[in-house]
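Here the chain labels run A, B, C and D in written order, and each chain numbers its own residues starting at 1.
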């Protein structure tokens, strides 16, 4: 493939004797939505964690836009343009819905022990951030909950907040989404995918999405990867991958 | 009369509603296999029956008694057993200590007897009695967990993906033991299995869950022969 | 010529101190692995043992050194401190835990209990008059520690009894954990409380017992170490608690046996290592290099902190987290 | 009602505690760093005025007024029989320190207001610098350890620094007795109160502004989930480091206020009970991650304690010596019991945490609707 935005080369991640990732190679096409599927325990979430820097791989490299980011910390990867969200929402329990969303926009000049008290320095940026957050949670239909803490939300609403957050950063190159529509009703799930498609087209942002609700996702994605037992078993056009015998076999068992 | 009957079961964790209106029965001495894509609620079904997940509505009838609201340890006492997928043995304890722990509530003499009996069915454990459970392989651990369950001689055993992460040979051994439980010991079994083909081949009845709802319920053989199984299993069913 | 190798008597006292720390650290690790409480009151609970000794001397054994004291004292301390720790768990720690307090909240609570206990004890000792002793607060009970002739050395009885008590208690505790049904259940609960509960283990009882054992071990250590303290006032716990935590952290905080080892190592380091370094520095380096003399012997607590820092830097899980079989392989290959 | 008459000693302690508790709140309440070694950071401020400050003042006297210095040394020789090589050496010695400070340094400083002003600035800078260095050391551990390990490590660290190094090494801070600190005004208590009040106001305003800034939000985010904060681009280690250093600096000012009020205090007074456990107790009582709560916690606690300390002896007066003695110990016992009760009945404190609103969010919501 020519000019992928994200490459994963020969990544191995072991947990004790278990090889959760057993030599994974991926090339995520630039400006497209790529779907990543696979049965339970096939290593998808582990892969997400390796790409975003939460785990360090035992072997292999992660390359973002031609630059090797394998050794970088999660926050350094973010600053290179890599955004991710979490399968099980990791929300800030002390912050409200609006604050959780606002925090996701990086680069606030008021985030310093000195600059924090100089309101003039950050008020402009902050106001824009809050406005954007309001628009974002309006879109994800959790606006009425803006003043609530995560502990007061339902599972689906937490997921929507997680999605709102991941769409906040300014100019990401790629956004990794781990099951963005789990627990969300079908209508809203479609709307989320429509929005993702719209963002892709308008801003040229690449998406890599893990999703189990294939019936919903399949209509929006451009490319697909399938994993099983810590390895990539198929990749290509979505329909092609979903009907690939190896993929079906991996889901049904040998 | 069915040994276990689940009626209009709605369950989940806290506010996470996962299972919707499940209805099914398990007859004595049968294997019910539960299959379905990730996150479809297979494990939750077992946990709801055993009382670990939260039941919002519906009924669970066991031996003609409504046991919906019974706490887990009370269910264990009337003959139900549940084997979690992971952490189902004490890794830091020896095999012998694990077996004795399994009979913690039984009188000591009975424990001796049952341990003897179980060791005859799982002869490989005899040579490993003094080894810590963490030195066992994944398959051996599943078999140890199974042996521990048998110490209490339950009637209904629920397995949560016992073959997950096992090498094919080890998985085969575990499955053979499950068949043996039904055929030789007359146990009733509910098996959640990720390897659908393997599971459906040994199951009497099958339950296919998609997004917490029943997409198929009937003879396992029938589901195995279903041409659309692949699509169903990938969650593309409408 | 400066003595570098410490004398037999000093060596024995160092081993005794290390054994006491070992018992204390083991108990601290025990309540941590079972109930996730890092107990700041642990050393003060140990001082209950010292106070038991004080009372025994005042009421019963005032007349002179008695070997009986070294059997009755530790046994009584075992019960008194154990019961106190158990009550502390049932009355305070468990309710707080059930209310959902986190690790830090529980730590603060043990801090509070420490203050309460210290002040109650100080008050009682100040308020009460001894039967034979002129006062009870700030007494040095060293004179009641008989001297034993052994291997050509004049050893203090407490220095002799402490290591023996430590070995015995550890052995008994080990047998309890491996040979009795309840002991096995205790280990099972430490590893996986949910699974143990499913098997029918009353985990609350396990936790309560672990607090009793933890306090009891501390009581024995406190009762015997009391003879080497300048005075038996409860405030002496402040000098010990840092070393106890150091021992547990060196051991890894997650393993009872390694807690014992950690405490022992910290104890030896504080006494022996400081004395050796002191002798080396003031005997050789300082005169040779024209440096001023420094009473390094006063810095024994620096040694324990130093050990903690080294361990946390190189093995954050403590000695318990070190993969010894791998290490052995590595060493043997070379 | 005599117990409601609050002494200046009480007021100064209140001020120093408020400063310390606000500083602890920035770390523990907002950022989730369980600093159980607060005492050592407070101590740095005292040490700057004691062990370091008095030497600096003696050195200035020697440079500015050699005759006076000579006179002092001779006086010491005649009265103590000690021959000191310099006034600095004499000022740092436990035996001579009191005489040098009271008879020579204080009168000299009183005659030289400019020098006092410069000395004051220098000592504040030293306190801040020392605290920052300590903070840097502490943060090295804070970035790597789980909370309970960190708490234990910082506690040990603080105990050792205060107890061992500064108690046993006479040369550093005068050993068990402690050295007399530099005195900046004729009435050092009034000076300490004014200086303390200024610091309290500034520190409170700072902490409030910070809490309601994007930084405050980032601190809470780091506290709630450091992995998620890192994934959203925040340098978690950097944020913790900054907060620890700022808090350490603030805490050192509390120590400076306290030592200026008392002038002489042994290093041992900065122990884990009074300068670590008490600030934690205030914070838990008042409410974590709430600056108003932190201040309120100190005030409520200190008033209660005052009433106990004064009320109980009054109640006990006339009774047996035993009851009078019990009253003295009861104060600390009650403090412990209050903590336990708060943890049980109101773990969130009197004033629970509030959202860290940077702007009027409701207003923006309304505007966006339009």
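Heads up, the rule we're going with is that a contact is a pair of C-beta atoms (placed from the backbone, for glycine too) under 8 Å apart; a residue touches a chain by one contact, two chains touch by 3 or more.
Please read all numbers here as calculations on a predicted model, not as lab measurements.
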Centroid check, CA-based, most central chain -> C
Contact tally winner between B-C and C-D is C-D
Using C-alpha centroids, which chain lies at the maximum separation from subunit B? D
Find the geometric centre of each of subunit B and subunit C from their Cα atoms only, then give the gap between the two centres in Å, rounded to an integer. 47
Measuring centre to centre with CA averages, how many angstrom lie between subunit C and subunit D? 31
How far is the middle of subunit A from the middle of subunit C, if each middle is the mean of its Cα atoms, in Å? 50
Using Cα averages as centroids, what's the distance between subunit A and subunit D in whole Å? 45
For the protein chains shown, what form does their contact graph take: line, ring, star, complete or other? ring
What are the touching chain pairs in this one? A-B, A-D, B-C, C-D
What residues on subunit D touch subunit A, complex-wise? 206, 209-210, 213-218, 220-221, 223-225, 227-236, 239, 242-243, 245-246, 289, 353, 355-356, 358-359, 361, 364-365, 367-368
Which bits of subunit B are touching subunit A when the two form their complex? 14-17, 37-39, 161, 164-165, 168, 193-199, 211, 229-230, 233-238
Once bound in the complex, which stretches of subunit B touch subunit C? 72-73, 76, 82, 84, 87-93, 97, 100-102, 104-105, 108
Subunit A contacts subunit D in the complex at 52-54, 73-75, 78-79, 83-84, 86, 90-96, 98-99, 102-104, 106-113, 115-117, 119, 122-123, 126-127, 130-131, 134-135, 138, 143, 146-147, 165, 169
In their shared complex, at which residues does subunit D touch subunit C? 28, 34, 36, 141, 144-145, 147-149, 151-153, 155-157, 159-160, 163-165, 168, 271-273, 277, 280-281, 284, 322, 325-326, 329-330, 332-333, 335-337, 339-340, 343-344, 347
